[in-house]
Each structure stands twice: as C-alpha cells, then as structure tokens.
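Next, two complexes with chain A in common: one pairs it with chain B, the other with chain C.
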Partner chain A sequence: MLRYTLGRLLSGILTVWFIATATFLAMHAVPGDPLMNEKATTPEIRQNLAKKYGLDRPIPEQYIIFLGNMLQGDFGLSFTQQNRKVNDIIRDHFPVSAALGILAITFAAAGGILWGALTALYRNRLPDIIIMFLVILGISVPSFVFAALGQMLLVNINQWFGTSVLPVAGWGSLAHMLMPSLVLGLGTMALLTRLMRSSMLEVVNEDYIKTAKAKGLSSQRIFFKHQLRNAILPVVTVLGPQIAAITTGGFVVELVFAIPGLGRYFVQAVQQLDYTVIMGTTVFYGAFLVLMVIIVDIIYGFIDPRVRLK
Partner chain B sequence: MIQASHWYGLNMPQRLLLLLCMLFAWSEGMAQSVDAASGTVKIAIAQEPPQLNSMKATDQVSIFVLGHVMEGLTRYDRRGNLAPGVAERWELGDTTAKFWLRKDAKWSNGDPVTAHDFVFAWRSVVDPNTASEYAFILYPVKNAEAINQGNMPVTALGIEAIDDHTLTVTLERPTGYFIKLTAFVTTFPVQEKFYQARTEQYAADAKDMLYNGAFTLDSWVHSASMEMRKNPLYWDAEAIKLNAIDADYITADTRARLNLFIDDKIAYTQLDGETYKDALNNQFRIKKFVTGSVYFLEYNYRDNRITRNKNLRAAIQAAFDPEEFVNKVLQTPGNLPGRSLFPTWIQGVEKTFREEYPPPEVKPDLTRARALLTSAKQELGLEEIPPLILLVSDSPTATKQAEYMQGMLKTRLGLDLKIDVQTFKQRLAKMTSGEFDIVGAGWGPDFDDIMTFGDLFASWNLNNRGRYVNPEYDRLVRVAMNSSDPKTRMDAMSGLQSILIEDAVMLPMYEQGVIYLQHPKLKGMRRTVIGSDPDFTYARIAP
Partner chain C sequence: MNAPTALTEADFEPSPSTHRAEQLSRPSLSYWQDAWRRLKNNTRAIISLYLIMALAFFTIIGPLLWTQDPAAQDLDQISQAPALPKTARLVADYVPWQVPISAEHPAEPDDYPDRLDPVTDFRTSGIATTQSVRLTWSPVNEAGGYSIYRSETRPDGLMGLGLPLETVSGGNVLGFEDRLNLKSQSYFYSIVPTDGFDEFDVVTTIQVNPEQSITQSQAILQGLATPEDLPGQAITLAFHPFGTDYLGRDILARLMQGAQVSLFIGVVAPLIYVLFGVFYGGFAGYLGGKVDQLMMRFADFVVALPFLLFMILFKIAFGIGPGESGVMPMLVALILLLWPGTARLVRGQVLKIREQGYIEAARLLGGNSSYLILRHIIPNTMGVILVTLTFAVPSAIFTEAFLSFIGMGVAPPTPSWGSMCNEGVKTMLSHPHELFFPALFISITVLAFNLLGDGLTEALDSKMRSRDL
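And now, the complex of A and B:
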C-alpha cells in the first residue's frame, strides 16, 4: 500500500510540473503585452515595469526563475493588483470557493445518488422519464442561465414575503451560499444521476443479485444492501475530479452572486494577461485536481484491493 | 387563536419555509439600501479596485474610492465647482502657483497633512521607478517630463515646501488649468513615513493606507465588500451627512446589480441595454447622465495604408449618420450623436465650447459619399478598394457597432470591412503596432480642460495610435499649450476641430451617455465627468 501511494504521489508531482510548464509556454505564446494599458505609457515606464516583473529577461531565464520561486511556494506580485501577492490572493479566495464547492458537491452527490437510484427503480416509467428529461436539461443548459434564474427566483421569493428572507447576492453566511451552491452543483448532479442510473441497471443483472433473490431476501434489503452499495462505486470515482471541477468552475456563479471566490481571479487573469496570477492559480488548481485524483485512487485501493495489485 | 395570529395565517409548508429562512437569517440581510437613522447608504461596485495607491491609480473604481477617502489641495463641492481642499487658498501666477494649507487638515492617524506630503507624492509620481501611468498629469510642473524620462533627478521637480503649510509650485509653462489638476487623485498627498514603512504593501489593505478625506476605509474584504465610514478628523466633517457608505457587493454583472436594487439592497445601479427593459417593466424612474467620454473611429496613417487617402475617409464620413447610429445601434437612451472630438460639456471661454465654436456640420449625403469614393479610387489607382480591417474589442457592444459599420458601408458604398475582434490586451498590442486600417476607440477626460482631448492627435502623443501627423495640428496644440489666455487657446482648439472634421481625420460616433437607477430617498449624489463618480461625499438620506 505504501509503494502504491508513493508511486501515485510521484506521478502527481510530475503531472503538476507538466501543467506548470505547459501553462507557462502557452501563456507566453498568447499575443498581447501584459504591461500595456488603455493609456499609452512612455518606453521608460514600460521598461521599469518589465524590470519589476522580470519580463526584461529572456523567456528560458524567466522559466528557471519561475520554477525556483514555485518550489519555494512564491508566485510573486499580481500584474493587475500591483500591491497584492498571488499567494495572498489564493489564500484569501480559495477558502470561499472551497466552501461553496463542498456544499455544491454535497447537493450534487446527494441528489445524483437519490435521483439515479429512483430512475433505475422506475426504469422506463414516468418518474424515470421526467427525471431523465431534467437531467438532460441540467447537462445542456449553461450555468449562467441557471444562475440568473436562481437569482430571479430569490428576488421573487423576497417580494412575495415582502421582506428579505434570503439574500439575493453577497457573501458572509450559510444563507448566502444556498442558491449559488445549488446552481453550481446542478451540472454535476445531472452527471451523477446518469452515472448512478446506468451503474444501478448494470448491477441489477449481476449474479449476486440473482443469488440474493434466490435466497429469498426482501426487495428492500436487496436494493439497499446489495444494489445501491455496489452501484455507488463509479460515482465515488468521478467525485474527486468533480470536486476540483466545481471549485474551479464557479466563475459565472461567483460573478452573478457577487461571491469573492478564486474562480473570478482565475478567469479575469487570463483576460488581463496577468502572468503571475495565471501561473499561480493554474498551478494551484492543477495541484488540487491531482491531489483529489490521488485521494480517490487511495480510497479506491482500500475499497477494492484488486486495484492495488494491478 | 394566539397561535394562528403568531403564524400570520400561513399554511404548513409556508411555515416550514419561514422557519428555515429564519434559521438562516442573516441579521444584516434585513437592512435596506438606505437608512436615514444611521445615515447609511449601501451600494455595489463593479470590480475590486485594482490600485488604491493614489500615485498609481488609473481606473474608475479605484478613483471612485480614493475620491471619498482622500483629498487633494483642491476638491469639487456639492455643485461641482472647484473648492478649497487641503489648501485653504492659492495664487496662480504665470509660471508659479502658491498654496496655503489649512492647519486643521489631518491624516487618519492624527498627524497633520503638510506640504511635505505633497512634495513626496508628486516626486514619487514622476519618478520613473514608480512607473505611474498617470505621471503625465504632472507634466505642467517644471522638469516633470524630463524626470519621468529618467533625464533628471526627482529633486529637480518644481515643487517646494516653504514650511509645513506653504507649498510653491513652479510650472514648465503657463498652465491656466493647473489648479484643476490639484483635485485629481494623482496629485493627492501621501505621508512619506507611512509609505516607507510599507512600500510594496502600501494600499494593499484598509490598514495599509492613511486617509485624509471625508471618509475612511474601515474594512476591505477583497472582492467581497468595502466599508467607508465618516472621518471624524476630516476638517469639514460638519458638512458630511452620511455616516457610512457600504459597498457590500462587488460584481460586474449588471443583472445581478439590478436584482439587488429590486430587492432594496443597493441604492444605486447603472443599467445597460439588457437590463434597461427590465427596469422599465419594474416602473423605476430611470435617470440619464452623459459620462463625458467620446467614441470614434481612428484611421491608420502609416505608410502604404489606403486609409491615408483623404477622399476615402471623407466618403465614409459622408455615408455615416451619427443620429441613426445612436438610435438604431446603441438603443439605450442618453447617448448623443458624435459631432466632434470635443464632447458637449467641455468649457469654452465663457459658455461651453460647443456653443461658442460649433463644429463644421457634416450632413449624411450618399451622392457625395459615392463621388468621394470614386475620386479616392482614381487617386489610389484602384478598381476596387480592398477590404479594410476594422479592429475592435471583444465586448458585445463593440462587435455590434462594428457589424453595423460593416453592413452600412457595404450597402451604401460597396466597401468591404473585415472585423478583427480582439481581447483587451491584444487589441492594444495591435493598435500600438499599427495592425489595422480602422480602429474603434474611445477617450475619457483625465482633467477638466479641453487639452485632455485636444492633444490626442498631436504627432508626439503616444495615444495617437494611427500615427496621424499634421504640422498645422501640432502648431495649434502648442499655441493652446503655451498660452493662458482663454480666447487664444479656444481659437486654436477651434482651428484644430475644423481640421479633424474637414480632413476627416477621425470619425466621431457618439458621446457616451449612461442610464441608472437611484433610490428616491438618496439625495445629493453627484454625477461627474471628472474624478470620483458618482460622488457620495455630500449625499444625504431623506427621512
């Protein structure tokens, strides 16, 4: 088990290094000057800025410096917010995205497993058809539509009550998180529902279910004890990457609900060619995603010993 | 009976919902956008202010915040007139200015605001190591430009503290509008001692700043909220009615802000084409404001560009109808058709410049446009004009405007436009390197004088991205720069306005107007084209 874990960790570190290098090269290949702004500046000022951010050096040298700083966990100063460290940006805003993400994934997992199991149970009957229709809607409708609709719904609820029962936007309490995390989790919930449904249907035809039936077990017992438990495994597999995807993919939701998450910085940095923030957030998220996958792998190793032997 | 009244006659699911909501209820969530008793107004801001270091700030949001928490030698009063700020009074000579600072102006740590704080700030602004994009604001001060280009030490700057409360400034040349510059953020004071203790960290957080304005920044949660409180140490604290300006929401999403306004969480919000209709449906009273910015098309005058041909540009000018453009394409009320580089609000000698020096009128005339195009083709020796590249930013409004131009020029003149949509930085890079024939541009005023627009097409101006060079234009700019006589200056500017229109140097499209909603109880919120907009300094809340 130790060798397995160490192996996974090593390949994880290599993956992060690869992500960092690829992002670095891609970022410098994007046309445009990160130091250029609406108001033209004199060549002297531009030169001074280039010196401050080390952009006056050749790219290979910049890469070496970047790698060195990254190993020390220092991503430097932001280009757009010139007095803020990228490390501070990640430290201040990742917890927000993470809190939102955890709630969203809870909604998604609970909903996905429940709806998935229900659809499998009522296969090809009305509940199945209705839920699967909603699932397709959940997968195909982009999140900014859901975000806008969700917010509109809150406004209407508040108007109907004549007072603010739930905040329309902002950050600070659990009440602020409900609608945004629901919206954020919808896509994943739809995905998990589909996964759960097919997994349930696969399990139904397994020999051990037939055995259980032959033994004369009650259908409830078969459903909960044998079918559900076995069918949930593939859901656990995708949960790790989905957590990472949800905590990184919240840009639109963060914008609409005025949430101070990291997703906004992630996207805006690319638009603004903010080199240090692009590198910082990408490497951080990359490492986060890799870590999540490793954790799932290790958990899987515990759940299913066959994985370890491979 | 008691129970029934307690539950306000709600049925079971409603009760459950209410219980659930009460469980989550957030005490402040109940607060409304304006509160007369506590003197609080709640607003949303479009983005996290990227730079609260007054010496380096250039964007609207940072300038908005700084205008409330800091103050320069002068400021704008509730009617928008220039008024004493830190300086009690001043004298402007031909090439000198002298300021007498009030003794009761204080920093938020209790220290007095002194003339040395201005000397430090101004020297830092023009110091090339600071790399301030707004250093040019101080170019009228002696040696500022040379220092900024690294040719002189910062101590050579024409500013001197005679004592703690007297400041003298030597100017490079007579600058009639110099006093107006001292109300702008770039010229705000900074205490050297405080700054040196923080350097890179200065203005990164609420505690990393010193305030001398009507308000102080009490708390700043990045990307979440900014809370400004009335500054008890402010010298004119009596005139300030608001106790708190709370920006509890930071989002660029106009629909989210409209929703917050409907929910009475914010007292002011700007609208766009999309949210305009919803605001109408909600029967809100929609207000209009002309921002002071002009939008236009710039041509490329670099060698071998066919846009160098005057008749070609004149043909486009004659085919374009700014009135139609404003009504058909922009669709929100408040925008004015573009007639000149100079917007309508610019002051002339006594009245507005527009009233005193109306620009040469260009009537949309298709027959003339086609004739001009024919002569352009002859001059260029071309059968057909090859497709022209129109460079625009990737915003939905910019692309919509570009598509209108494309359709209009095709149907009216048979001209082909190729639209090149680029992201912000890439568009700037292409503008600077000259990879375009026509580019969509806009310009907002940096200071309250006609020169903020006038020198835009001067051959030495770095913002003249099309590299337009005209010795006569340059001469007129110099005349206005070197004179402090309003009549001489405005005459020169009028001459320059005629060149711009008659030679079709650029194509004015529109003068930007915005529409917004304001809480009916919020009074005295001042909209302004220069500096901190909107200005809540003298706002109050009607009971």
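And now, the complex of A and C:
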C-alpha cells in the first residue's frame, strides 16, 4: 500500500510540473502583455515595471524563477490588483469555491446513488422510466440553463411567499449555497445515476447474490449488504475526475449567482491578462485536481485491494 | 465373364447432388450489416438519426430558404416574442414638432399661487404612433410650468404616476412630445401643473394607445416599402417567427448562422482529434514496449491538464485578430486537449486485438504488418471509434456553448448558440424566448447525439458504457 501511494504521489508531482510548464508556455504565447493597460507609460516607467515583475529577463530565466517561486508556494503579485498577492487571492476565494464544490459533490453522490439504486430496483417500471428521462434531460441541458432556471425558480418562490425564503444571489450563509450547489451537482448526479443503475444491474447477476439468496438472507439484507455495496465501487472511481468537472464547472454558477469564488476571478484575470493570477490559479487548480484524483485512487485501493496489486 | 462395357466420358461426371447439408438458411450478415439491423430496431436511435439529419438540413439548407439577414437590426421590433406578422402604419420621416405656445398667457405667474386648477383639455395632437406621441393641453391660470408622467398602469390619483418624462417650464408652453422607447401598448399620461418650482396636488390623466408605426426611410431601408408608398398606408413588418433579440435581430436567422458555428466546432473538432487519437493510440499499441510507455505517459499528462482552464488559456494564447470570429482558436484548443481520450481507448483495443487468434493466423498465413493493420486491426476498432466520435460531438458542443456563455467563446457579432444564450440570459425574466430557443437547440442536438451514441454502443456491442440504457 505504501509503495502504491508513493508511486501515485511521485507521478502526481511530475504531472503538476507538466501543468506548470504548459501554463507558463501558453501564457508567454499570449499576444500583448500585462503592462499594456498601464496608464502612465513612458518607456522608463514601463522598464521599471517590467523589472519589478521580472519581465525584462530572458524567457528561460523567467521560467526558472517561476518554478523556483512555485516550489516555495509563492505565485507572485497580481498585475491588476495593486499590491495583492496571488496567494492572498487564492486564500480568499478558493474556500468559497471549495465549499460550493463539496456541497455539490455531496448532492451529486447522494442523489446519484439513491436514484441509481431506485431505478435498478424498479427496473422498467414507472419510477425507472421517469428517473431515466430526467437523467437524459440532465445530461442534455447545458449547466448555464439550469443555473438560469434555478435562479428564476428562486425568484418565483420568494414572490409566492412574499418574503426572501432563499436568497437569489450572493454569498454568506448556507441558504446562499443550496441552489447554486444543487445546480452545480445536477450534471454529475445524472451521470452517477446512469452509472449506478448499470452497475446495480450487473451485480444482480453475480454468483454471490445467488449464494446469498440460496442461504436464505432477507431481500433487504441482500440489497443493502451485497448489491448496493458492490455496485458503489465503479461510482467511486469516477468521483475523482468528477470533482475536477465540478470545481471548474463552478465558473458558470459563480457568474450567474454572483458568488465570489476563484472561478470568477480566473475569468476576470483572463480578461485583464493578469499573468501571475492566471498562472497561479491554473497551477493551483491543476495541483488540487491531481491531488483529488490521487486521494480517490488511494481510497479505492483500500476499498478494493485488487487495484493496488496491478 | 461379362463383356467389358465401354465407358464413356459421361460416366466420369459427378452425379448431381440433391442433398445440401451445408446450406445456410439465412443470408450471412457482415458485422456492419448486423449492427445496422440492430440499430434500426432501436426507435430512440433512429429518431435521433432523423433529428440529426433535420439539424443538418436546418444548418445547410435553412439559410437558403430563410433569407433574413441575421445581423440586420430592426429597432422597431426589439425583443419581440414569437408572433404572427405585424402590420404597421407608414409615417413620414421625423421632423421636430413646433410646440404650441400660448400668446395671451404669461410664461411665469406674477405671484406664487396658493392653488392651481387641474389641467383641462389634455389630449393627443395628431395620431399617436410608436414614433412619437404628441400631447397638448389648455393653459392653467397662474401656472409656471407642467410636469408630465407616463405609466404603463392606471395611476390611482396622485399615486403611481410612473416615469417622470419632463417638467416643462413656462405656463404658456402647451405641448410635449414623447419619443422615449414607445411600444404598441397602453400608456397613461399624467400632467401636473407647477408654479415654476413646486408641483401642485392636482393631476389629469389620459390613456393613449400608440399605433405601431415605421418611418418611410426605415421601411425603404428594410425593403418593406417603395418610395411611392404614402404615409398612412398599412404595411407588413418583417416576420420573426421565433421573435427578435435585444437588438431586434431575427432569432431564427441567428439560430441558423449560430448552428453553422456550433455544429462546425461540434463536428470538425471531434473528427480531427479522434483521427489523431486513433493514429497516436494505434501506433503506441502496435509498437508496444518503451515507445508505448513514453507515448502514453505524455497522453496521461495532457489528460491531467484542467480542461476548461486550459481551453481558456489556449484560446487567448492563439489570439483573436480584429474582425475574426474566434472559431479557429477554439477548434485548435479543443483538438490539443481532447485527443488523449481516444488515443488511450484505441491503444487498449489494439493491445487486445493484437493477442487475438485471428491475428496470429493471419500472420502465419504470411500477412505483413500493413495488411494486418489495415485488414484486421483497424476494422475491429472501428466500432469503438465510431461510438467515441458520436459521444465526442455533444461534449464539444457543450464546451463551445460554455465558453461562449462566460464570454470566452466566439466574438460578437458572430452568433453561436452559446453566445446567444449568454445574451438571452440577461433578459431572461422579461423576454424568456431569447434564452429558450438557443438553449432548446443545444439540448436537442446534444440529446440526439447522446441517444444515437447509446444506440450505436448497443448495436456494436462494444462493451463501453451503459448497455442497459
């Protein structure tokens, strides 16, 4: 297990290095430069600014400095927000995105497993048909439409009750989080429902279910102890990549519901060509996602010992 | 002893066989024929196939049949809901109105009055049209001016007078012209006399229904009228079956042009990156060993890049010049980021097929590498590739829509379904149709390709995903 974990960690570090390099190269291929928008641009001022941010050095040297700073966890200063460190921006806004993402993944996993199990239980009967129809809808409708509809629904609910039952936009309390995270989790929920359903149906035909029936276990016990437990395994595997999809998918939800998350700042930084913020957030997100996948893999290694022996 | 019989040539002919034990009762079907037969039994997949054909028709033939210019702005019909064609009164081009001024009435009262009478004879002058509503009234004794309000609902006395349009200064000014964003609906105009500074608590309200109208020069510009048509004539305005957007552009025409962008990205990008993935994965799988490991390691790195962040990064890195739509950068970014999925899949398939008995047999019979690859390996991976391609289309369409929605996609004025949603969501509450139609088209397209992909998976029995859906 330790060997497996260490191997995964090492390849994770290599991956983060690759992400950092790709980000650096992409950023330096961008036409224009971040000092373009500065107001007082006499050549001397430009030169001083370039010096302050290290833009006057040759690209390979900038790359070395960038990697060195990154190793120390320092992403530098923002170009557009005066004297604000990229680390501060991440520290201020990432927890918001993370809270949203955690709630969304909770919704998605709980919903996906529940609906998936239900459809398998009522296979080809009315609940199955209804849920699978909704799942197809969930996969086919873009997330921003759900976000818009969700917000509209909140407006209508609030009008109906005459008071603010749930806030329509903004951030601050659990009530602010409910609708955005539900919207954010919908796509993943649909995907997990499908996966759970086919996984459940596969498990039904396994020999150990027959054995359990043969030795006279109650059907509830078979369902919960044997069928459900084994069917959840494939769902756990896709959770890692899905966490990635949910955190970056948060861009739209953060935009529509006016949530001060990191996604919104990333989009803003891109529009203003804020080099350091873009590089910092990309590398940070990349590292975060790699870590998530590793954690899920390791958890999976605990649940299913066959994986780590491969 | 029998006399030897002379044997003729005919005696050596094989006797005709009457019993055919080996005869097959049904014609044999090739892999693809069999798959097609199974696909045809899948109603959902066939409906999806028809839907996709209809979408192709809509995109390619549609603009030839529906010839409205998707970029033409019709400022008389902004944010119109879907409706039947509307008629409008042709009016002469606008000339400023000479507001009537009373000669015998003073502009300012001699003294500040304690009370003022309500305005009488408050009425429209001429025909009220959506071009202009001209209001006129009789002077009020000792008034120093008049305040005019407009409301869409009937005011209750002094409450709810609505939008303050203007405070006319001068008790002798007896007219006001409203040209502010008029629509063909009921308005309630209220007038309150003032002493030059303060309003008094007396109000006169009238209801006005401006008639839909279009100026002569506008009508000629839009090709709706000829210079011979006279003001006052009723003409039919441009027909917008799906309504218009916030600039009065025809949504149907924009959907067709947007389809060209969205479907172009949605179809061309997957075609290219799946093809590249097939070659990459095929080579890696066929060569095997160290080369395979190295190639796949690189593919793993690319998979680990956070997709949407890098889509945005690459898109800005390739840059958009002035006047370009930004379709190409998005295409390149998609291809650069999405090929490893197919490469992994094809490599896995190739590794599996390489070990199969029939490959060994073909090799024993003297087949060389290129024969093995072309005749056996590629045809046997085609099923998986086709399914991947079908599922790649909706995800590419989603990505385009997503990027355009957050404002990182195609540049205006080029419409795409995603950018139309982006514009529509801003007016979602008042004009839901502007969001509804592009969102509907995205959903239908994605749905059709997803269902077709499911049907293909089932028909080709490639053990990929959700055989049971």
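Criterion: the second predicted complex is superposed on the first by the 296 of 310 C-alpha atoms of A that agree within 3 Å, B and C clash if a C-alpha of one lies under 4 Å from a C-alpha of the other, contacts with A are read in each partner's own complex, and residues count from 1 in each chain.
In the analysis below, a residue touches a chain if its C-beta (ideal position, glycine included) is under 8 Å from a C-beta of that chain, and two chains touch if they have at least 3 such contacts.
Computed from a predicted model, the values in this text were never measured in an experiment.
Chemist: Are chain B and chain C a fit on chain A, or do they clash, once the structures share the same frame?
Modeler: clash
Chemist: According to the stated criteria, A:Phe18 is in contact with first (chain B), second (chain C), both, or neither; which is it?
Modeler: Once the two structures are laid over each other on A, A:Phe18 reaches chain C alone.
Chemist: Taking the superposition on A as described, I'd like to know which of chain B and chain C A:Ala26 touches: first, second, both or neither.
Modeler: In the superposed model, A:Ala26 contacts chain C only, not chain B.
Chemist: Let me test your reading of the model: by the given contact rule, A:Tyr275 touches which partner, first (chain B), second (chain C), both or neither?
Modeler: neither
Chemist: Touch check for A:Tyr285: first (chain B), second (chain C), both, or neither?
Modeler: In the superposed model, A:Tyr285 contacts chain C only, not chain B.
Chemist: Does the superposition put A:Val155 against chain B (first), chain C (second), both, or neither?
Modeler: both
Chemist: Using the superposition on chain A described above, determine whether A:Arg194 touches chain B (first), chain C (second), both, or neither.
Modeler: So A:Arg194 only meets chain C here.
Chemist: Just checking: does A:Met132 make contact with chain B only, chain C only, both, or neither of them? Give me first, second, both or neither.
Modeler: After superposition on chain A, A:Met132 lies in contact with chain C alone.
Chemist: After lining up the shared chain so the two structures overlap, which partner does A:Val256 touch, if you call chain B first and chain C second: first, second, both or neither?
Modeler: The answer is both, since A:Val256 touches chain B and chain C.
Chemist: For chain A, give the residues common to its interface with chain B and its interface with chain C.
Modeler: In chain A, residues 30-31, 148, 152, 155, 255-256, 271, 273 are touched by chain B and also by chain C.
Chemist: For the complex, give me every residue of chain C touching chain A.
Modeler: That would be residues 300-301, 304-310, 312-314, 316-319, 394, 398, 401-402, 405-408, 418, 421, 425, 428-429, 435, 439, 442-444, 446-447, 450-451, 465-469 of chain C.
Chemist: What residues of chain B sit close enough to touch chain A in their complex?
Modeler: Contact set of chain B toward chain A: 18, 21, 24-26, 28-30, 44, 48, 50-51, 53, 56, 58, 128-129, 131-135, 148-150, 200-204, 208, 221-225, 248-253, 255-256, 259-260, 262-265, 423-426, 428-429, 432, 461-463, 465.
Chemist: In the complex, go through chain A and note every residue touching chain B.
Modeler: Those in contact with chain B are residues 30-34, 36-42, 44-45, 48-49, 52, 77, 80-84, 88-89, 92-93, 148, 151-152, 154-155, 158-159, 161, 163-176, 178, 255-261, 264-265, 271-273.
Chemist: For chain A, which residues count as touching chain C in their complex?
Modeler: Residues 11, 14-15, 18-19, 22-23, 26-27, 29-31, 132, 136-137, 139-145, 148, 152, 155, 194-195, 197-198, 201, 244, 248-249, 251-252, 255-256, 266-267, 270-271, 273, 278, 281-282, 285-286, 289-290, 293.
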